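In what follows, structures are represented as structure tokens.
Below are two complexes that have chain A in common, paired first with chain B and then with chain C.
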Partner chain A sequence: MSLEETPIPEIRVHPIRNGTVIDHITAGQALNVLNILNIPNPSSGVVSVLINAPSVHGIKDVVKIEGRELNVEEVDRISLIAPNATINIIRNFEVSEKTHVHIPEKVSGVVKCINPNCISNSNEPVTSRFTVKPDGRKITLRCSYCERTISEGIGDHLL
Partner chain B sequence: MSLEETPIPEIRVHPIRNGTVIDHITAGQALNVLNILNIPNPSSGVVSVLINAPSVHGIKDVVKIEGRELNVEEVDRISLIAPNATINIIRNFEVSEKTHVHIPEKVSGVVKCINPNCISNSNEPVTSRFTVKPDGRKITLRCSYCERTISEGIGDHLL
Partner chain C sequence: MTFKDLHIISMKSFSRDMIDHILDTAEKLEPIASSKSKSDLLKGKVLAVMFFEPSTRTRMSFETAMMRLGGDVLSLGSVDASSIAKGETLADTIRVVQGYSNAIVLRHNKEGAAQLASEFSSVPIINAGDGAGHHPTQTFLDLYTIRRESHLEGLKIALAGDLKYGRTVHSLCYALSLYGAEITLVSPKELRMPAEIVDDLKSHNIKVRETDSIEEAITDVDVLYATRIQKERFPDPAEYRKVANSLQITPELLEKAKPELKVMHPLPRTNEIDPRVDDTPHACYFKQSFYGVPVRMALLALVMGALE
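Showing the complex of A and B:
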């Protein structure tokens, strides 16, 4: 077969029977979403990811997971790095539920404080705890112990 | 619009005009491939990733990158974690080059030795260096200084 006849390997993206499509993820955050969901792992089904996809609001990422529905804790974590994401639950090839992520008022044990001297980073049995402040398309976290804020690169500080 | 009428968000995967499709990546290694290629970054084009895709040899990952051709050093790094990968260079919607990754005999400055006492991990100006031994669908690296071998989780030790 000559090169001209070589078919371009396709990323075949079928409709999924059951699973979740996370749409409108902040561009560049798809891999942090996978990290939150512990993907890849050998038992996960087929996962497709689109990074820097054109959209009406600029660019976005999309993650599509076959055979899995997310729980509330997972969606809360995703909301911190992708506050405009929508969660589409697919059942039997149809959108069964479509929700915007809900941004929680407080999160515990989800993000590590960036202040090395914060008591949550000591050897004391203190769980990290932040107040969440949405600000348009961004999120700011304020540590409940030391008041240090995190507004950039939250995905880098997930526990 | 009722939920039944809500269209399932599609991951639209068009043919690409120019770019690279990395096919037959060892399942679970796609994110390490992205890491080697410094993706995502704000200037990268559209990237699509398929994880745990069914294939004739079990499951595989696929990465498709618009507007970028890989250099030899990048492909050599990919070969260490995905020794069966194929690199398809797409130009003007056609496969212009299709190659299997070439597994180099030695690699320098690519992987960190897992032996904390290895001289390549000291403060000496010594670049890490390994002999590469392909073994079927796996790779084993042997440190040229301390002879410690790495055969599992090479992607976790990339520099």
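Showing the complex of A and C:
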């Protein structure tokens, strides 16, 4: 068998025993999802990331977090950049719960206002706050202070 | 409907009924504003006036309004001579000043400053301009001027000048949409009204027309509202002069208008209005700046709970 014909071993991300699998993340947003979840940090455990993985609807990103079950607030934050993501809570290798992300009405402390002259970007004791308006597959954030909106590239403005 | 302790941040939090009530109250207080009668309505109350940016009309009309109603005014004075120069946050300044006053008027260079102040204040915050954001009391006095000098119902109005950056026209458009006005927007293409505001007006079934010709716009409107065109918006001074000249309001231009047309301008003007217009019955801008007093009297009396 020639070198060219040698089968390339398939590299798989192993199933996890306990934790969370975030599936159907908008392709290219996996690293922003990690950012929202404050990963990596010293206690984040093993995290696997698939970027541009083939799927029925094209390509997607997938994040597997071992030993951590995401709570509702964390899941909702992910919806800002990956509105079609699904959350699978894994217990003992089995999918114990499967939910879709839910777009929250308001978010605070996740995204920075794009207006450099917004009071929320100055040295004041407040965190950024936005109202969230879903519009089909698109999401628009409106700053609760200056009312400037963000609808493109929300992942580029994460705090 | 209660106005006591209400923060006045943006026109968007006011319904048409609320606006009508404020304008009705202003009309009742107008004789006091023009010294025809006296009032002690706000005696014993203190208004804190905090201007982080320069102002003539807004600041003085708030101070006059408070004094005409028998109240006292406490001024921040120069920002350079205050704790703000030492790096104090706006939040801390507001928490301190609320303890000295019954209401706070705030002008600040950052958008959202009044909203932030309202989150740290137990007394009403009145937004007197937050950067390129809102200036609701200007809109109230504009509406009051239109009501007193023309009519709000079935109004045909042309807004001319810098419609892109001019915060007064954005808020005014929103408020006029509550009254079903017909709006003509007159500006060069560089200074057009932002598309989202035009779309918003159209979604409220408002007739909106855009043109760059003031001659075309002026023929059938009741009010012509001019705004200042700022030189710094144009990289080329020649282009600025061309645009400024094309939108200048002159007595000759006004010959094409209805006799009852009123010309408004938030002031200060540069050369948008020929001084010869001042002596025509169309000129309304100095009255407009006076109307800031009864309108601000109404707002102060309502938010301080002296009137229902």
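Keep in mind that, in the parts below, the second predicted complex is superposed on the first by the 144 of 159 C-alpha atoms of A that agree within 3 Å, B and C clash if a C-alpha of one lies under 4 Å from a C-alpha of the other, contacts with A are read in each partner's own complex, and residues count from 1 in each chain.
Convention: a residue touches a chain if its C-beta (ideal position, glycine included) is under 8 Å from a C-beta of that chain, and two chains touch if they have at least 3 such contacts.
All values derive from a computational prediction rather than experimental measurement.
Legend: residue contacts after superposition of the two complexes on their common chain; A:Tyr145 is shown touching chain C, with no touch to chain B.
In the superposition on chain A, contact of A:Ala30 is made with chain B only, not with chain C.
By the document's definition of touching, neither partner reaches A:Leu159: not chain B, not chain C. By the touch criterion stated above, A:Pro125 is placed in contact with chain C alone, chain B being left untouched.
Applying the stated contact rule after C-alpha superposition, one finds that A:Pro42 touches chain B and leaves chain C untouched. Comparing chain B with chain C, more residues of chain A are touched by B. When both complexes are overlaid on chain A, the residue A:Asn115 reaches chain C alone and has no touch with chain B. Within the complex formed with chain C, the chain A residues making contact are 115, 117-120, 122-126, 143-148.
Across the complex, chain A is touched by residues 3-4, 6-13, 15-16, 21, 23, 27-28, 30-31, 34, 39-42, 44-54, 61-62, 64, 86, 88, 90, 93-98 of chain B. Chain contact summary for the complex, chain C toward chain A: residues 10, 87, 89-91, 108-113, 115-116, 119, 130-133.
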